[in-house]
Every structure is written in structure tokens, then in C-alpha cells.
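Listed after this line are the structures, all set down as C-alpha cells.
Across the two complexes that follow, chain A remains constant while its partner is chain B and subsequently chain C.
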Partner chain A sequence: MVKEIERAGLPVVHMCTVTPISLTVGANRIVPAIAIPHPLGNPALEFDEEKALRRKLVEKALRALQTEVSEQTVFED
Partner chain B sequence: MAKIKVVHYINQFYGGIGGEEKADYKPEVIEGVKGPGMAFKAAFKDEAEIVATIICGDSYFNENMDEAKAAIFEMIKKYEPDLFIAGPAFNAGRYGVAAGAVTEMVQTELGIPALTGMYEENPGADMYKKGVYMVATKNSAVGMKDAVAKMAPLALKLARGEEIGSPEEEGYLERGIRKNYFAEKRGSERAVDMLVKKLAGEEYKTEYSMPTFDRVEPNPPIKDMANAKIAIVTSGGIVPKGNPDHIESSSASKYGKYDIEGIDNLTEETHETAHGGHDPVYANNDPDRVIPVDVLRDMEKEGKIGELHRYYYSTVGNGTAVANAKKFAEAISAELVADGVDAVILTST
Partner chain C sequence: MRLELGKVLIKDVQFGDTTKLENGVLTVNKEELIDLILEDEHLASAELDIAKPGESVRITPVKDVVEPRVKVEGPGGVFPGILSKVDVVGSGKTNVLKGCTVMTTGKIVGFQEGIVDMTGPGADYTPFSETINLVLKCEPQEGLKQHEHEKAVRFAGFKAAAYIAETAKNLVPDEVEVYETDTLLEGIKKYPELPKVGYVQMLQTQGLLHDTYVYGVDAKQIVPTIMYPTECMDGAIVSGNCVSACDKNTTYHHLNNPVVHDLYKQHGKTLNFVGVIITNENVYLADKERSSNMSAKLAEYLGLDGAVVSQEGFGNPDTDLIMNTKKLEAKGIKTVIITDEYAGRDGASQSLADADPSANAVVTGGNANEVIVLPKMDKVIGSLDYVDIIAGGFDGSLAEDGTITVEIQAITGATNEVGFNKMSTKGF
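Entry: the complex of A and B
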């Protein structure tokens, strides 16, 4: 899906936990997520902490969308 | 000749530990045969014996790949096996990745023959088929008998050091390896035969298939995020409560388009996940854990992004055919472009 969106001309960031799969399917901008059943959250945290964690991940994703890349890139930190 | 000693890798489901609620199960080794190992045992007759079975939760493996691989390696090494088998994993994505990764590790680091089996669209197939023998299976456990019937003889051949035939003969996925052989006809004759068949519209088989590289160049970045319209797309199956479009929990045949105008936060009252194959509790309790509507709404109010697109698109990426996913995304992209969306956040579980 990520590849078809890119092909349509839209920059896209893939937020997922198993980044090797994302690389294999051909995503260009990849942000590693927390866990498979809760990529953008962590149920072990208090609500506020969890939302702050999600905010950080989304900020990273937006940074990825604002970054020029020439090849598949995993935005680690 | 002594019996060939085999170690077998399976996931928590086939190991009888449990379903998704046990997907974070840490690697465990048990003596002897378990689950699908019974079928291999029957197929091996007296030639080989499964001395140990490793069981590991699919989520645990994929979320902790390095630790899981290290632990599993030690478990396998202890048994000094002659042969290693993982799976078959059919179309279970996390299982396929685990089976491929462990098979490759065993082959490289222990230097013993190893093989696995899975459906060709399993993400683990593209990741590992070039490095290891991977038998093509059906997409569900219905194909167990067939998978074992192909995997067991190939495993024995590998363990005995016998010559391995072509992918078609042995039933494994192409590894992209060319092998020299003596042909009866010379190249020019074979090429002309092929051309004649092609012109006649008959089936012909190339001797050198071109690799299929399907990569898309990255698009230029967003320059002005404060005025950009951002859309959410997900394969994590987040849908309005009750799943109005009846998106399937696996092998999805459709996607949904959902209005989030005026919604600042997804809750267990308003939304849920349709995704099967992993524990849905976390997503159901707070769907923002899969699509960050709450955070993007905040950032929209703060002017960090121009606008969160009014609709999000959702399907279930669990065993979904690649051709379907491609079709969904083509349709979704066309709408996003028409709606003036500038960039997309795609989340996957």
C-alpha cells in the first residue's frame, strides 16, 4: 500500500514495528513503532505518558516527511 | 547410517501454547516432537528423528529479533542437529519472518542444512527465500499435508548431501541462483524454439527470467508542514464501532473510508479494530494506539500541521493478498490526490 501511495506522488511515512518487512515491501520513509498490536502506544504507561510517547513518534514521522531522502530510510532517532 | 538428528521450530500456536494472547511467549525448547512435527516424524520414517522442538511467540520474535535469535541459537546448538526445519508458516506473516530468520541463522552460523516452508506472499518469503530453501505452501494450514509431503523429502535430501533439483522439481521458491548444466540443444536453437512458441502464442519458459524490481522513488519532502494537509491510512483495521463495512479480520477484500470531522480522539466507545491475527485488546481500548488521531488533532490546533484530512482509510493487513492491497491503495491514493492531500501517514500493526 505504501508503495502505491508513493507511486501516486504523495510522500508517505510508514509507521510500523517490524521494519524489515517495511523495507521488503518498499517503503521509503520508515519510522519504527512500539509493538505489533499497539504501534503508537504503550499500555504499560499512564495515559499522559503514553500520549507523549505517541506525540514523539508522530513528530518523528512528520520530520521524516520533511526530510529529503534518496533511498529507503529508517528514521531511528 | 545413524538417524539424522533434527531440530524443529514452530510458533506458539502450533506449539499448543495458545493463540494471540500468547504471541509474546518467549522461546522455549522441549524434547522431542510437537504439533506439525508429528507429520514430519511420520514422513521421515526411520531416517530422521526430531530430537527437540523450539516454540516461540510470533510477536515476541518480531519485536525482539536479536534477543530471540540469540536465545534460539543456543537452544538449537545444544542438540548438535544434522538438520533444521522451521514451520511451515503458510501465510502467517510474523511466523514467516521468524521461520525465515531462524532458518537463515542456523544455516549460516551452524553450517548445517536448514529449510522452511511458507506461502509465497508471506512477507518472510521475500525476505529470506534467496538465502534458504523455502518450500512453497498453500496460504493456510489446510495445506499442511501437502507442505510436509514436499518439505520432508527435500529436508532428507539436504541432510544426506544429495543433489537438489530445480525449484519446480523440488517445490521450493526460486532463489535467483543459476546453475550450469549440459543442454541437448545449443543456445541458438533453444532461443529460436522459444521465439517460435512465443510468436505462436504458446507457453514457453525463459532460461533467464529478469528479476522483478518494484521500487518507487521517494517523493520530495513537504516544505511547509504548517500548511500541509495530512491524511491517515492504516492496515491496522481501525473502524467505527460495529465495523459498518464488515471488513474481514483476515484476507480483507475491501477497505473503508471514515469521516473523522469533529473527532478529537478515538475511544473504545467510538472505534475498534477489525484486525485479526494479533491481540486486539490494546487497539480496542484506545484506537489512537494504531492511528494517532488525538495527537494529529492537537498538532492541527497548534498549527504544526495545516490540516488533518477529514477522512481516514482503513483495511486489515492480515494475510491480505498483495494484489488486493495494491488495488485498495491505488483507489485510496487517487482520492487523496483529488482531495488535495499533501502527505500520508500509514500505520501498520
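Entry: the complex of A and C
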């Protein structure tokens, strides 16, 4: 899906836990997620902490979306 | 470490007044065994049935399959850390009831449970169509949580296997096999010319119905470690998973791991089988990195020239598999991987979710997406209620006439990744 949307001309950020698979299948902007059963959250956290974590992840993805890349890039920080 | 495995060949299994094993005929006192199983307050009911090869019988949903074994001599007992104390097992003498199993079924816990047909086309895909299966159907107390339900049925299988295995404790086995592994330095002194080969066994460890236990420890909490190959023959590793039915390692597979047995066959002849490294397949990327780092490090420390890596399950564990392969190969250790494929019903899609050029020696257990039609059987043990929702099944899998159309993914052991299956291929 990542590749098809990019083919249509829209930049895509792939948020995923297993970044090596994302690299193998050819995503260009990759943001590491939390865990396979809960990529964008963490049920072990308190509600407020989890909300902050989720906001941080989304903001990181939006920053990645606006970043020019010349090769496959994993946004670690 | 030296283990004598005594095989008591089972010719028949029947119900009777006294639980005993005479002349290869196992008699089970149904009431006594059911009473033992129902000591667990989590279970509301238990039933026993016997399924024999060639009978028109379908068992589903199958959770685990256990081979009955009993410790005859030496430290510890079978299923250490679970039924027995946590002594190190794998030495002394163990008797095995060869040719029969305990198979657990009952209300489904999760969609990864399987189908075993005792005859017809489905029987060709599962090794358990060739064993006499004592099928234990357990129903949970109402309202029991999924995790407790899974645990109760898992333990019921082990208890039933241990109960019937006790009959073989004082018997003289029909066949005896001896397995021996020296300590690392002695082995190297003994076979200086032979390549040192290890087995990296990946254990499925991803949560409910995806867990494996090592000496009673949930394997997602371990860091990779080294084991003598005979430890698994006494039940040091047991299954708590059904991921999917086709490529889970049941407890039976762990007890009879073909990779271990085949490496022993070559041990001292063409290679020096140094030992087993067990590792896991967790859901966090950092865990995947750490575990593959450590398996490769242990392999290097053992001085391995070559390694066989077996996967369990599919999907994201493909990444653990590829990480293990890359890191082993990078250390100059020649690596062969055993996996299976999800290449679509036509076999045309990419087989694994991850790949790397260093994974250049691959053994496959087959394509789990292949579709098969299973004709109606005269008798069902368990329930057909779940056929449409198990992995490999789909809405409409179960036809009105009792025929089932499923991917072979739904058949217990069909594409097993330790090679305990019967599929092969032929070039034309």
C-alpha cells in the first residue's frame, strides 16, 4: 500500500514495529512503532502517559512526512 | 550428557477397568483419568475418546499433541518446571509410549487451533493420522478468562500424558536408542577433524496461544541460551501455542524434534553436533535485535562452523529468522534455514515477509495457503463450530454436507518447520 500510494505521487510515512520488513518491501520514510500487537500505543502505561506517547509518535510521523529523503530512511529520533 | 530412550511400542489403546500397559496394549481407566483432569477447578467437564489411524474421524479444534514419556532413571522428571521439579533433564533413562499421543480439544481458545483427520486426503498432511490418539476434550468453567482457559487445557494434556506414561515405568522397552553429547571441549578433542554444527531453535513467543515454555519459564522472557540436545527429549520445552496449526511445534514435535535426531545420526560421522541454542520470536524490535545478537554470539563462542536454524510460525518471525541468518553468516558460520511459505493460493506471491541474500540455503515445509477439500467424516471429536474461523478457514469453509474447504494452514503439522511433515516436491 505504501508503494502504491507513493507511485501515485503522494509521500508516505510507514509507521511499523518491524522496520527491517519495511526496508525489505521498499518503504522510503519509516517511523519505528512500539510493538507488533500495539504499534501506536502501550497498554502498560497510564492513560495520560499513553496519550503523550501517541501524540509524540504522530508528530514524529508528520515531521518525517515533510523531510526530504534521498534514500530509504528510518527516523530513529 | 547421555540419555537412553526406551521405546515401548503401542499396538492398541482401549478403555478398561485398570490403567495398564501389557503386550503393547494400553488400557485406560476413563473415570480415573477424568477425575484427575477435573481436579483443576478451571475445567467444567472432560471427556475421553480414542481415534485410530484409518478411522473416519475428524478431531478439531486441536490445541496440543503430547507424547507420553516417563523418567525411569536419572535426575528429574518429564516436563520439568511444569509437572516435575526444575531439575536439569536429558540424562539417564526415559521410556516412551511410541505410537500413541494425548491430543487436547474442546471449546476454542483462539483461532489458531487445528484439524486432524484420521483418513482421507487431510490425513496425508498430518503426522497424527498415523498415531493412536487418546483425545481429551476439556470444557472450561463459564466466564473463565482466555489465558486461564489455555493454561488449564495445556496442563490437562501434560497430566494425562504423564498419567498414562506411568504404566511404562517398569517395562523393558522394545527398542533402545542412546543419545550422547560430550562437553564442548571433550567433543572437540574427540572429533578434531569434524565440522562443529549447532542447532538454533527459534521458539514462538508472542502472547496468548503464541507462547512456549522452557523449564516452566515463558520463553519470551529468556535471553538465548545453550542446551544439551537430549534435554528436549524429556520435555524441557513445551508448547503453549497454535500458530497456526500447520507450523506450530506441538509438545510432541519438541519431544521428537527431527533436526535434533537427524543431527545425532550424523554426530561423530560427518559432523560434531555441539548443541542447541534456543532463542525466541518476540513482538518488540529491540527484543528481536537482542535475541538474534545473542544467538549469533553464542554460536561464535561455541566455535560453530555451521548452523541449522528452524523457525516457528510465520509473518513477523520471518524477520527474526533473517536476523539470525544474517548475523550468523556475518560471523562466517554457514547457515541453513528451515521455514514454510505463505505464497498465496496460487503460490505466486512472496513466500516470506523478509529476505536477505545471506539466506541462501533454505528448506521449506511447503505453502500453507494451498487449498484442500476435506470430505465429511463419520465421526467428529470436538466440534465443527469453529471451522469457518480458524486460521486457514474462511466464511463458508464448512459446507452443509460436512465437507470442509480450507487452506492446509488449518491442518495440525502440515507445514511444520522442524521437518516433521511429509510433503516433498519433484522437479519436472
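As a convention for this text, the second predicted complex is superposed on the first by the 77 of 77 C-alpha atoms of A that agree within 3 Å, B and C clash if a C-alpha of one lies under 4 Å from a C-alpha of the other, contacts with A are read in each partner's own complex, and residues count from 1 in each chain.
The rule is simple: contacts are C-beta pairs under 8 Å (C-beta built on N, C-alpha and C of every residue); 3 or more make two chains touch, one makes a residue touch a chain.
These figures come from a predicted structure and were not determined experimentally.
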Partner chain(s) touched by A:21 [first = chain B, second = chain C, both, neither]: both
More chain A residues in contact [chain B versus chain C]: B
Touched partner set for A:3, first chain B, second chain C, both or neither: first
Chain B versus chain C as contact partner of A:32, first or second or both or neither: second
Touching partner for A:13 - first (chain B), second (chain C), both, neither: first
Touching both chain C and chain B, counted on chain A across the two superposed complexes: 17-18, 20-21, 24, 35-37
Residue numbers on chain A that touch chain B, as the complex places them: 1-18, 20-22, 24-29, 33, 35-41, 43, 50-51, 54-55, 57-58, 61-62, 65-71, 73
Chain B to chain A touching residues, read off their complex: 20, 23, 59, 62-63, 65, 93-94, 97, 123, 126-127, 214-223, 225, 228, 230, 233, 235-236, 278-283, 285-286, 288-292, 294-296, 298-299, 304-305, 315, 317, 325-326, 328-330, 332-334, 336-337, 341-349
Residues of chain C that touch chain A when the two form their complex: 206-207, 283-285, 288, 316, 318-319, 322-323, 353-356
Parts of chain A lying in touch with chain C, wherever the complex brings them together: 17-21, 24, 32, 34-37
